[in-house]
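Encoded as C-alpha cells, here's the structure I'll be asking about.
Chain lettering (A, B, C and D) follows the sequence in which the chains are written, and residue indices restart at 1 in each chain.
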C-alpha cells in the first residue's frame, strides 16, 4: 500500500534467483544444524530397519516410527523458520510478493 | 552399513514371548516389503541432506520433508496392520487381552 | 491358536449386535464425560464463528482452530480407549475377531 | 444461540491496527464462506453428541470425528490463505515484517 522499503541486499544469506534456478543460502551454522538433524533421522530410519530385520516387537517399532515423525516435524519447523526469516523477507523486500503464494502451497503440504 | 544378524526364520508369523523378550515374526514377504520401504525412506532422507548441502530452495526441501512424512505414515499403517492381523489376534486367542492396552498406547502415539 | 476363553457376557457395558444394528454402551460416566467434552467443543466452534463475524485478527482465529483440533484429538483418544476397553475386548471374547479389522480401518482414519 | 454483535462492515479487506487492537476484514464473500463452513462443523459436532447419546457404535463415531478434523483442517487452510493474501501482504507493504514472525508462530501450531 505504501512505499516498499528499497534497500540493496548485499548480505550473505540471500535467496538469489540467478540464471536458472532459485537457491537458498542458509548460514553455515543453520546448515550444520540441519545436516546434523538429518544425520540423526537417517540413523533412526536405519535403526527401524534393523528392528524389523530382527523381528522386534511391533509396538516398539511403531513407537520408533512415531519418534521419527516427531523429529521430521521439528526439522520442518526449523527449516520453515529459516526460510521465512531469510528468503521470504528478502524477496518481499525486493517487491516480490509471489513468494507468499509459494509459501502458502508449502505450508498447506505440511499441515495435512 | 552394519552387519545384520543372520538368523534363520523358520516359523510363520508368531509373536512369541519366550524367555526374555517378546518378538514379532512377520512373514518373509511382509518383512521384505517393510525393509524395501525403509530403504526408500532412508534414501529420501539422504536426498534431503543433499538438497540442504546444495542450498536448494527451501520450498523444495520442505516439499520433500512432507513426502517423507507421508511415506512414514504409510509405513506405520502397514506395520500396524501386520501387527493387528498377527500378534494382536494371536495373543488375544491365547487369552492375553493385555495386548490391547499396549496397542492403545501405541496407536495414541501415532494419532498426534 | 489355543482355546478361546468362553465366558458368558452378562455385564452391562456391552456392544450387542442385535437385530438390525450394533450399539455401543458406554457407562453413564463415560457418556457424561464425552458429552461434556463435545459441549465444550461445540462452544469453541461457535466462538470461532463469532471471532470471524467480528473480524478478529486471523492469527487469533487460527490459534483457536488449532485448539479445537487438539480438543477433538483428545476426544478421539478417549473414545478409542473406551471402545477398545469394552466393545473390542467383548467381541473378541465372543470369538469375533472381525472387530479388529474394523478397528484397523478406524484407526487408519485417525492417523492421517 | 447468543446474540451476535451487529456492526456495519463497510470496508473492503484491510487489516488495520487502530487504537487498541488489530482487526482482520475479510470480504463479505469470504466471511460468508467461513461462517457457512463453521455452521456445518457445529452441526457435525452436535451430530456426534447425538451419536454418543444414542450409543452409536464407536467406530462410526470415530469416523465422524475424523471427518470433523478434516473439515477443520480445510477451514484452517482457507483462513490461512485469506490471511496471507490480505493482511500479511498489506502489513509487509507497509514495511511491517513483524507479521511474518506472527505468521510463523501460527503456522507452527497448525503443523503439529
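Note that in this section contacts are C-beta pairs under 8 Å (C-beta built on N, C-alpha and C of every residue); 3 or more make two chains touch, one makes a residue touch a chain.
Just so we're on the same page, UniProt names per chain: A, B, C, D = CsoR family transcriptional regulator.
Computed from a predicted structure; not experimentally measured.
A.B. asks: If you list every residue number at the subunit C and subunit D contact, are more than half found on both copies (same) or fewer than half (different)?
C.D. replies: Homomeric contact, same residues on both sides for the most part.
A.B. asks: State the chain with the largest centre-to-centre distance from subunit A, centres being mean CA positions.
C.D. replies: Using the mean of the C-alpha atoms as each chain's centre, the farthest one from subunit A is C.
A.B. asks: Taking the mean of the CA coordinates per chain, how far is subunit B from subunit C in Å?
C.D. replies: 26
A.B. asks: Approximately how many whole Å separate the CA-defined centres of subunit A and subunit C?
C.D. replies: Roughly 35 Å, centre to centre.
A.B. asks: By the touch rule stated above, which residues of subunit A touch at least two different other chains?
C.D. replies: 73, 76, 80, 103, 110, 112, in rising order.
A.B. asks: Take each protein chain as a node, join two nodes whenever their chains touch, and name the resulting shape: line, ring, star, complete or other.
C.D. replies: Its topology is that of a ring.
A.B. asks: Report the complete set of touching chain pairs.
C.D. replies: A-B, A-D, B-C, C-D
A.B. asks: In the complex, go through subunit A and note every residue touching subunit B.
C.D. replies: Result: residues 15, 21-26, 31, 34-35, 38-39, 41-42, 45-46, 48-50, 52-59, 61-63, 65-66, 68-69, 72-73, 75-76, 79-80, 82-83, 87, 102-103, 105-106, 109-110 of subunit A touch subunit B.
A.B. asks: What residues on subunit D touch subunit A, complex-wise?
C.D. replies: Going by the criterion above, the answer is residues 73, 76-77, 80-81, 84-85, 88-90, 92-95, 97, 100, 103-104, 107-108, 110-112.
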